[in-house]
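Below you'll find a set of structures to go through.
Next come two complexes, and both contain chain A; in the first it sits with chain B, in the second with chain C.
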Partner chain A sequence: MATAADGRLQGARSANTSSFSRARSSPSAVLPSPPNPGVKLGPNGATFVSSGIPDLDTILGGGFLLGSLVMVMEDADAPHHLLLLRNFMSQGVVHRQPVLFASPLRDPRAFLGTLPSPVSSSKEHRQRDTLVDHNQQDQEKGLRIAWQYKKYFGDQQSSQNHNRDVKQEFSNDFDLRKTLERQHVQYIESMSIQDIPHLTILRDRCSNFLSGLPRSDGGNLSAGRIAIQSLCAPQCGYAEMDWDLVAFIRFLRSIIRSSNVVAVVTFPTSFLLPAFLKRWQHLADTLLSVRAIPDEDKDMAKLLTGYQDMLGLLHVHKVAQNNSQVPTVLEASTFSLKLQKRRSLVLERLNQAPVEASSGTSYSTSGTCSGPSKGSSLDF
Partner chain B sequence: MAESISRSLRDGCLEGEHAPALTIEDSLACPLGSHVFDHFLANLASQIADGTSQARGLVLVALNRSPSFYIDLLRRKGVDASLVDKWVRILDCYSDPLDWKDRIPPLMNVQKPSTRENVSFFRDVRDINKLLSSVLDLGKGFVGQGKTRFAVAVDLVSNLLRHTSLPSVAGLLNNLRSNDQISCIFWLIHSDLHEPRVSTALAYVSTVVASVQPIMQLTDEHRSRRDFLWLEKNSCKAKFYVRLKRRNGRVKLLAEELHMDQVGVKFAAVTSENSFVNKSLLPKVQFNLQLSDQERVDRAKVVLPYEHQGNGEAIQIYDGRRSLSDDQKDPHLVQPSTFSVMTDAQATSGNGEIHYIRDSDDEQPDSDEDPDDDLNI
Partner chain C sequence: MNPSPPPPRDPDLLEEALGLGRGGSPPWRLAFVEDCVETSGAFVLHHFLKRALSTEGDGTVVFLGLAQPFSHYDRVLRKMGCNLSVQRNKNKLHFIDLLNLEFLGERRLSNEKGENDIEIGFMDLYNRILRSIEAIRSKDYNGGWTTIIIDDLSHLEIAAHGSAKHVLDFLQYCRSLTSEMDCSLVILNHEDIHSSDEALQMLSHLDYISDILIKAETLSTGIAADVHGQMTVIIKDAPGGLIKKLHSFQFKVKENGVEFFYPGSRF
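== the complex of A and B ==
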């Protein structure tokens, strides 16, 4: 199982790394497991943490950069930003990273009760991966077990893999139907931002959170996560203090930049004045937006394949590039959010449905792979 | 579509969910919003009286019209008067919202307003927390503490916004929505009285946004000519656009027409134009190659100039000089060099045509498929 993950990571990294990438070879080789699987080192001194959605990590070139500010523009009509936040926080819980959650709900802990738990079965991972993974095939050949015993051995292997999973995987698939148990979410700090009259309270809370993080020493990298939901929601007391909000975001960005924390802030765009919306967009290091799709829209059903399964759209506007002059150029910037097997979130490129003319020319833009195409540059 | 809104108000909310919230907005160009509000109010009240709705009672926050107006309205619409007394409570923020009567020395022959038992006075509209607790108390007062829920209607949020700030009003509506005892909530606002961010804030808080738009758009020439036709049309007819947020995270856009008559408001399906699709919701797909429906149909109809049309008929030499309809007199006007499919199609008024002039009549069929065969080097 770790091989599949490594294979994917290898693919992602070889897209934009120099020649000095550490090759993760077959699982049989005795390698010391990285001190903290939740944090991955990338080129140019960048460290990544996973966003909780493996597809999004691949799209962004490794994950969320530590020290960056990720802003998600919400759509007033759909709650998809909550999906992103949930996966982000669950990933932090799985990797035992400290999480601070601020939300305009009266009772943020109620939201914490909806965090998804990681998918436990590793066989699903293997089936899901459509990229050819040679290591794994060799492994399967090497087993040479009679077919009727394979099912017993398979279980044992999957449980072995499961243990290795929990320790070694950088990003997990989350099952949105199952929630994390209470004891895991206990340690998430949460606060409600609805009734606070001005932002100094939130500001102080963030500073305290950062100062309370363990320092990262030597080989042991630690990371922290801040999740702020609907920062300028209309029901918050400070919602009309536009300049204060901009000052807060600038503050947040500056304290995070020199620390090992990644912050995800979602905000409703419709409520901001256009000039301030532009300012917020410029202040973000990574800018994503989620959009709702119209229901039962025949035009859209004809335009896009897989329209029935789509939850919404995710658009990547900007990708963080600290310490680097090389921008990340994405092949595609709009993705559709889908639930695979009704439980885990996948992002797919939008495929245009073939035109209905009799000549049958199909203008589908992505490759013809049947599984979710992750936009990896290994697609031929 | 109005039916679906009434149904969703009637069904209320599921366990663990916030209550459905409806925003009705109108503007000066088409001021039928109050009538739409009355329509939904009367529907919900009759459903409560019948017992078919999830809400067991209704609390009405009356800011714009006097409570007696509403009681008369409900009576006119056929809701039983005793049930009105039992299941409807009106919070009167209309008579004295800012508590002036106490400060003015009382006049001599002042008539005490007749107090009804289901109308309670509210004197301090500026205090949003007090308003919230009064609404909740009124509601709890007649449905009790348990699992039963009640509905809330706010007559004019624009009046509330006169006295308090937008975040506090949005907070009030949000708190009401998320309260366990509220089944559904709806309100009316005049959108042109406020900045655009007010409408977007309320749309953010609500699950259904119904906007009343004028049937005929107001243009400058209307204003200058004082077009009475426009006024007349817009005062009794309007377009009704609904934006529903569904549970699966998608948006549903609906359009209807509404007419005013003696009784009230009537909804009808859209008669004239096509349904309104919000183009901004379509994503920007790469290589925007979408063809409109008409273009697709035309493209399918184009007869390609192959000798074999592929439909089993005898090989017919398709000669552009003899056009498909024999009436055409002069096909030589057409440029023989252009063989393009789509650009021509669009140039010739949307019909797909390909004009192909053969080189000569005594060529063999299929011989034009490779003109290089002629070369004898």
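== the complex of A and C ==
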């Protein structure tokens, strides 16, 4: 581990850069090249990579922990898990982290053509500062000029040039309306898990991916990403093998535990027996679920503000505990998925709509506050 | 040279419930710790681990680490004031790393040889535990109590490819080991996995062989920052027998330990 990078926290690196300096992080004589912005160090020896959704990183306390297994429970009614997968892989592309993608599609490369590209102009970055101190980040983002974007994704420059010319960030906003160009996603390894008779093939692929990863990239921490879509989908040949599936998840978890890889696995819960669903949930380090929002639910519309803009809901069931026994207790665990400015994914806490004074109706819980107490008949 | 040992602290609610008092041997052989997805019970294992290795007693531990690598437990226990690496070197802790444990290996594709592999696998595992205990007992043994801790049962089931018969056989062997070798066994089990219809049988088998059940559950009111959950300790008068005593209290897990308290005694 690069010791000089240990003290580097999120905002610290911009502390001594003026507006005209190059993208050098904390000037330390020990590191010959700038640290990898795609990997962030946290307490207890934790290393994080971004999920590709800045809000999710904040909610999870830094991002996805390297060495952990993130599982996402799908909703049969809506493909929101694909949003998470796309952003996750795009973030890997932006940071040039190796990505392995396994999908039940016959041709996974088709899906790779839908990966969003990062938002290019700096001026349109979000102004919200409720969840995190964005001051530092806004300062740096303000320096990102659109024309540098081409250099950012340009030719085969050495990584040193690449880092020198462009300020990179830990997590990017992705524009869901624009896709990454072919050339950038070409390096993503992909495989189809449709019709494979045994999971051994997937196991071997994952093992090979891990052994092929550089441990460190010229003194910096490197990271790898594994994305598996709909692991127990019925079209996969092995879908009937309950125990093989859970053994695979256990295997995956054990090989990434002491590696610098994070694996995101989505799965449709309806195809699992209840006991196995629980097993999968226990094996996950971070457990999320996405849910669709019914289109025209009048009750919901009355209950929540901004209902019409919501794409769906994201619920955080479990957050990876790194070398700790203390559970992560979130203030709110259900968030709404929204598109900001019609292009980037944001997660918002659910807010209850104000209630009209005349009707004193009851409130159902949606993750945040409980309703105000009704006027009591006993007034002292 | 050594500083004077710290005064022995009062037993906490869990230790009281388990009749652990101040060091010495527990009055039971097999305890199951049950938890669920929402509330993890791993902290109870850490608590046992720390207690067994504390300087007050001369306890020793054989730890089967199926769920996490050694480094995880090392870091967690270090924050609780216990250095596992040192204990390992002093022969007080035998850590069996089973993160990659698989009985079937390459032959998982064909069923016939599978059963045999699972059986052999469990026999190997049992022998490893036996050898660890013998190693602990061999040199400088001063009569301290040995605790075998398994984290956790669901991983054994996965390694056994779901063969409940083999898992239960193994547990029976371990249980008889506790009488032969004078030690006790603590196993973490995910109760919610077994509470669905097809797996209920397993739960009743486990109940049959256990003396004590320690359940960690979520509060009925939901998740809270101050109270992480509710703990119920069920003491039976005999393995699989009637309930002799039932203790119930709440807990909050911290980096350096766990706090147990009665409901309402904290704000």
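Some notes on this structure:
The rule we apply is simple: the second predicted complex is superposed on the first by the 279 of 380 C-alpha atoms of A that agree within 3 Å, B and C clash if a C-alpha of one lies under 4 Å from a C-alpha of the other, contacts with A are read in each partner's own complex, and residues count from 1 in each chain.
What we mean here is this: contacts are C-beta pairs under 8 Å (C-beta built on N, C-alpha and C of every residue); 3 or more make two chains touch, one makes a residue touch a chain.
Quantities reported herein were computed from a predicted structural model and do not represent experimental measurements.
In the superposition on chain A, contact of A:A78 is made with chain B only, not with chain C. In the superposition on chain A, A:L303 makes contact with chain B only, not with chain C.
Using the contact criterion defined above for the overlaid structures, shared-chain residue A:S211 touches neither chain B nor chain C, since it reaches no partner. In the superposed model, more residues of chain A are touched by B than by the other of chain B and chain C.
In the superposition on chain A, A:L273 makes contact with both chain B and chain C.
Shared-chain residue A:N44: touches chain C; no touch with chain B. Of the two partner chains placed around the shared chain by superposition, chain C is the only one that A:H317 touches, whereas chain B remains out of contact.
When both complexes are overlaid on chain A, the residue A:G237 reaches chain B alone and has no touch with chain C. Residue contacts after overlaying the shared chain place A:Q183 against neither chain B nor chain C. Comparing the two complexes, residues 273 of chain A contact chain B in one case and chain C in the other. The part of chain A that touches chain B in the complex is made up of residues 76-80, 105-106, 194-195, 233-240, 268, 270-273, 291-297, 299-300, 303-304, 311-313, 315, 332, 334, 350, 352, 355-358, 363, 365.
Those residues of chain B that touch chain A in the complex are listed here as 165-168, 170-171, 173-175, 178, 197, 200-205, 243, 245-246, 248-253, 277-278, 281-287, 289-291, 296, 299-300. The touching residues of chain A, counted against chain C in their complex, run 44-45, 198, 200, 242-244, 246-247, 250-251, 254-255, 257-258, 273-275, 278-279, 281-282, 287, 317-318, 323-327, 329, 333. By the touch criterion stated above, chain C contacts chain A in their complex at residues 37-40, 42-43, 46, 68-69, 71-72, 75-76, 79, 99-100, 102, 104, 108-109, 154-155, 158-159, 161-162, 190, 192-194, 196, 198-199, 223-225, 228, 253-255.
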